[in-house]
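In the two complexes that follow, subunit A is the common piece, with subunit B as its partner first and subunit C second.
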Partner chain A sequence: MDRSVNLLDLALGFDEPSPLRGKVVLIEDCVETSGSFVLHQMMKRVLSPHSSDSLIFLAFARPFSHYDRVLRKLGCNLATQKTNNRLVFVDMLMMQCSDNESGVAKLFREIQGTVGKLRSVTNSNITVMVDDMSLLEIAAANSNSDHVLDFLHYCHTLTSESNCSVVTLNHEDIYSSMERPAYLLQMVCLADIVIKAEPLASGLANDVHGQLTVVNKGMISSKSGKGSSRNKLQNFQFRIKENGIEYFYPGCSRN
Partner chain B sequence: MADSIFRKLRDGGEEGELAPALTIEETVASPFALDVSCYLLANLSSSILAGKSKSEGLVLVTFSRSPSFYLQFLKQKGIFVSSSSKWIRVLDCYTDPLGWIDQPSPGVITEGSSLIKLHKCVSDLKRLFSSIIEAGREMVGDGKTRFSVAIDSVNELLRHSSMPLVSGLLTDLRSHAQVSSLFWSLNTDLHQEKVTNALEYISTMKANLEPFCPSSDGKRNALENLFLVHQDFGKGQFHIRFKLRKGRVRVMSEEYHVDQTGINFSPISSVETIIAATKSLIPKVHFNLQLSEKERVEKEKVVLPFEHQDHGKSTEIYDGRRTLADGKTEATPLSSGELQADVVSSGKGGEIIYFRDSDDEHPDSDEDPDDDLDI
Partner chain C sequence: MAAPNVRTSSFSRNISVVSSSPQIPGLKCGPNGTTFISTGIRDLDRILGGGYPLGSLVMVMEDPEAPHHMDLLRTFMSQGLVNNHPLLYASPSKDPRGFLGTLPNPGSSKEDKPTAPDLDQGESLRIAWQYRKYMENQKSSIDDYSNDFDMRKPLERQFLAGRPIDCVSLLDSSDLSVAQDHCATFLSKFPRLNSSNIASIGRIAIQSFCSPLCEYSDKESDMLSFIRLLKSMLMVSNAVAIVTFPPSMLSPSSSTRLQHMADTLLSIKAIPDGDKELEKLLTGYKDINGFLNIHKVARINTQVPVIPEAKTFSMSLKKRRFLALECLNQAPVDGSSGTSYGTSGSCSGSSKSGALDF
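Up next, the complex of A and B:
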């Protein structure tokens, strides 16, 4: 199961090794269709026994026990990964952040320090995941979206300086009617890959729980000719099962 | 046509004039300003190294990518930059724009400390201006020798400073005697129209990237546009607008195609590409909105009431209930169609002369039939 590559993996370029290295991934979801499952799938990919990648997880939304339970059903033991130092779980619910610009600055410096420590022991990919940006804005940035954008910019520098990946989850519908729609757009512009989870146009269904649209902007690559995942848009549907997710094109039988 | 922008930047402005300035505009659905900047950067660098440019140096101010990204790109294009390179300086406003980091992280390039300078306070535009000029003078000296300035993106600048201040910085750079040419890029979806307009005013050239399928509904927001692009959205149109000295404006267009190695330009292939692209804008409904060829031919054949066909035969009035070939003896009940052949030939009696006053109206035409009334 682990070795098989599904539609989401293909869209993200997982038919090649470490496709997300040096990239920023933005997952957008809404009330009707939660995008958390994408985050869980990516966590499972990063912590797979076939790779030696590491994960720094900033949890603003739920405690460790929640993710542990979810990932266990997907076949991944977070407690073990924590012990192996492949997972650094930062429980932001417990942490107290000062609520001004220095709050996000301090948070970034801590992440940078952790990345540095991990980098000194491994050359594998390090992924920084944030669940989620809207709660980060409240907890660490005093509801100042500018500070959130500054924080994201600095996370972007990690992708080039330390060759990390950054994966963030954001609730699009909170901001879509804001007076400053540019905030959402800034995040989209910063991202190399945007994954949008939304309901079907026809509404709720038993067999299909929603659709994913993956926009892979890619970038100028130093590996000439390798990988064709630049400027691709893919759309497919999904069904959340007890122990995994099925992805399929509309109208096709599920693979 | 992209070549012509490069040539204008390479040749710089004339004595006593403000330096030519280019603004590259991208949107969320066509996010390739970085590729265009890299293209210009590579060409300018080559011409400076070959001694074919009016400027003898280039100051690159980076906001959206690290300096190493650009140096790596130049290396791919065969242009090697080392700490001893005297023709390029990089002002790094990407790594630590707000001074959050106390010391540089291990990954930052430390080779060639004069090649790359870390700039820590992007909101202080006066200091930024001085740093740019200082970097330029380090290469070319204080005299009359000039240098070009490339700012990879002004989006971050506009986030931290007001638009008038940013315009002021760009105008100051243009006015400086030693600045030969200047370019920057901007994402128009991230800013209000007045910001885009203000920057267009202070530039002599504007280049904008447009995907092949722009939205038919202008109200659709930029985010929706991104998800409505084609599956393979690395193609589109590249429009350039030159402001000539006498006030005239010249517009040129070509197609762009983006791949792993960067952006490529080609002349507009055919109208068909655009038509094919726009055809997809017609909503997909279950009924036919277009006429087929057969239907069009049949429609042409219909003879309208009151239209006489002068074939030399006796005049027939088509009342819509029978074909022209059918019987002509039966008197029609319609009051307007009473004209008989013998009445015409005798010259007496009523006559209806019908002139078709306009061409056949297209279906779904918005034309108001009362438009020609002279009230």
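Up next, the complex of A and C:
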């Protein structure tokens, strides 16, 4: 089993056990560079055979068949994890909310119920993942970004009460062009880890697909022995392949 | 060091032109269990790596100063009619059926090509024997996957009569529920049960989706909701939808949302008239009708992005009839002017720099 730790793992603190417990992770991307590969990596980590963590996945952007094929090439069988009850895959593609009430409260109650059911069975970490917050806004929040923030706040309560982790992907370029810059700032503020995928300043390339900037607030280094906490900001480039991602610092070959 | 071909893994895939069922022409197997249908423009099929994959949403950003998004729609629709794929067409016009009269007919752009030598004249033309096989391949331009379309000839009646074509006018109702019902009914005929057995496929073409002529054009959340549901329905159907929209008619955030929802994202840029700078930079400037930009290429069932050979292509008509997409060619540099490497942004994707190879 591949236990090599790559640059993204180090930035997220995956060299320690259960690094995401109780944390909120925000992945940001744009039209030119999609950040969904980070989601796939995290899914694979959560569902790895070395841990007993569970995953609740809310799919707004792609159906199960897509994720199944992608993760299979990465070495993770989603269908098996579903039958083992380590993965709860919620297909939200056709979800529509009624005009009057916002669907986020209802959605959260369902998530809370599922977390409760999983908690009764296992004590390990539960991760709630949303693959596209902007589609959640259209589907469940009637295009009201305030409701999306409410939803994130509800999910944040899960991180403290039930020790869950929350991972969301948001398209940052949609909101940066709006008149409400506060929305993006609030999402970044709520998150403990922000992973931003951007294109290279030099444009398209076959061998480097983009760059990642990871901000890990309050990362505690256990190696120093004293638990000194510091903000860690890392920037590196990546290349996406079918069976994994290569990460490297600009100008270097892969580590 | 950039690799010349897009390689997703160390194995190179053998993409063969195989129809998955003898009753359905115009399908080609693609990587990762996807199936392609032709865009109607041979060059665009090649640039996108095969065509449009079934289940994908193609969005084209219009330029108000250039009508070339209509050519993309026309070739898409004609290709579907030639291959007998059911078609749903919606546009903000009182009589959408009239558009069918402007669809192009298949023609052969390689009919009277003087440069392809006959095999009989092989002796008089001195080609080394191992290159003769490439000359032979040029002749086989007829296949049932894609056609060259003669933009000046209207589509023959045999392709229009009796074909399942559904035309919807977006002006009919004040909201999108009618159009949504049409799409849902249409797509329910092509459910995707498993990737290997395809019973039938369909094509949807929606023109100028956010046109201010439509009554719903100020309700951006309704429009976004419609496209989102269309995309969700497409993902579980064996169909492709192409939607053109003018981004200047939407708020920047809604336009970016639509761009994110697209699997394949293209945009048309008009060529400025009589731009002396551009004329100096590009060869064949006078023949170019406009630019086509490739922003995103569909990646279904895979996480690896498809990097096209260039981001910008010039759209021109060969022999004034056949659409061609070409990489931008830089004109030979005039040594005396001194502005040799000052390319404009749209030319940065040029890969054919033969003129500058010293």
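Just so we're on the same page, the second predicted complex is superposed on the first by the 233 of 255 C-alpha atoms of A that agree within 3 Å, B and C clash if a C-alpha of one lies under 4 Å from a C-alpha of the other, contacts with A are read in each partner's own complex, and residues count from 1 in each chain.
We take it that a contact is a pair of C-beta atoms (placed from the backbone, for glycine too) under 8 Å apart; a residue touches a chain by one contact, two chains touch by 3 or more.
A quick note: this is a predicted structure, and the numbers were derived from the prediction, not measured.
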Check your understanding: Just subunit B (first), just subunit C (second), both, or neither: which does A:Phe14 touch?
Key -> neither
Exercise for review: Would you check which partner chain A:Cys189 touches, where first means subunit B only, second means subunit C only, and both and neither mean what they say?
Suggested key: first
Check your understanding: Which partner does A:Arg69 reach: the first (subunit B), the second (subunit C), both, or neither?
Key -> second
Check your understanding: After lining up the shared chain so the two structures overlap, which partner does A:Asp207 touch, if you call subunit B first and subunit C second: first, second, both or neither?
Key -> second
Practice item. Figure out whether A:Ala105 sits in contact with subunit B (first) or subunit C (second), or with both, or with neither. Key: first
Review point. Can A:Phe248 be said to touch subunit B (first), subunit C (second), both, or neither?
Key: neither
Check your understanding: What residues of subunit B sit close enough to touch subunit A in their complex?
Key -> 28, 31, 34-35, 38, 65-66, 68-69, 72-73, 76, 94-98, 100-102, 105-108, 155-156, 159, 187, 189-191, 221-223, 226-227, 229-234, 258-262
Review point. Can you list the residues on subunit A that touch subunit C in the complex?
Key: 31-32, 34, 36-37, 40, 62-63, 65-66, 69-70, 73, 93-94, 96, 134-135, 138-139, 142-143, 171, 173-175, 177-178, 203-207, 209, 240-243
Practice item. Within their complex, state which residues of subunit C touch subunit A. Key: 1-3, 6, 8-9, 32-33, 220-221, 224-225, 228-229, 232-233, 235-236, 251-253, 256-257, 259-261, 265, 295-296, 300-305, 307, 311, 348-349
Review point. Contact residues on subunit A for subunit B in the complex?
Key: 101, 105, 108-109, 112, 116, 119, 146, 149-150, 153-154, 157, 160-163, 172, 176, 181-182, 184-186, 188-189, 194, 196, 213, 215, 217-228, 230-234
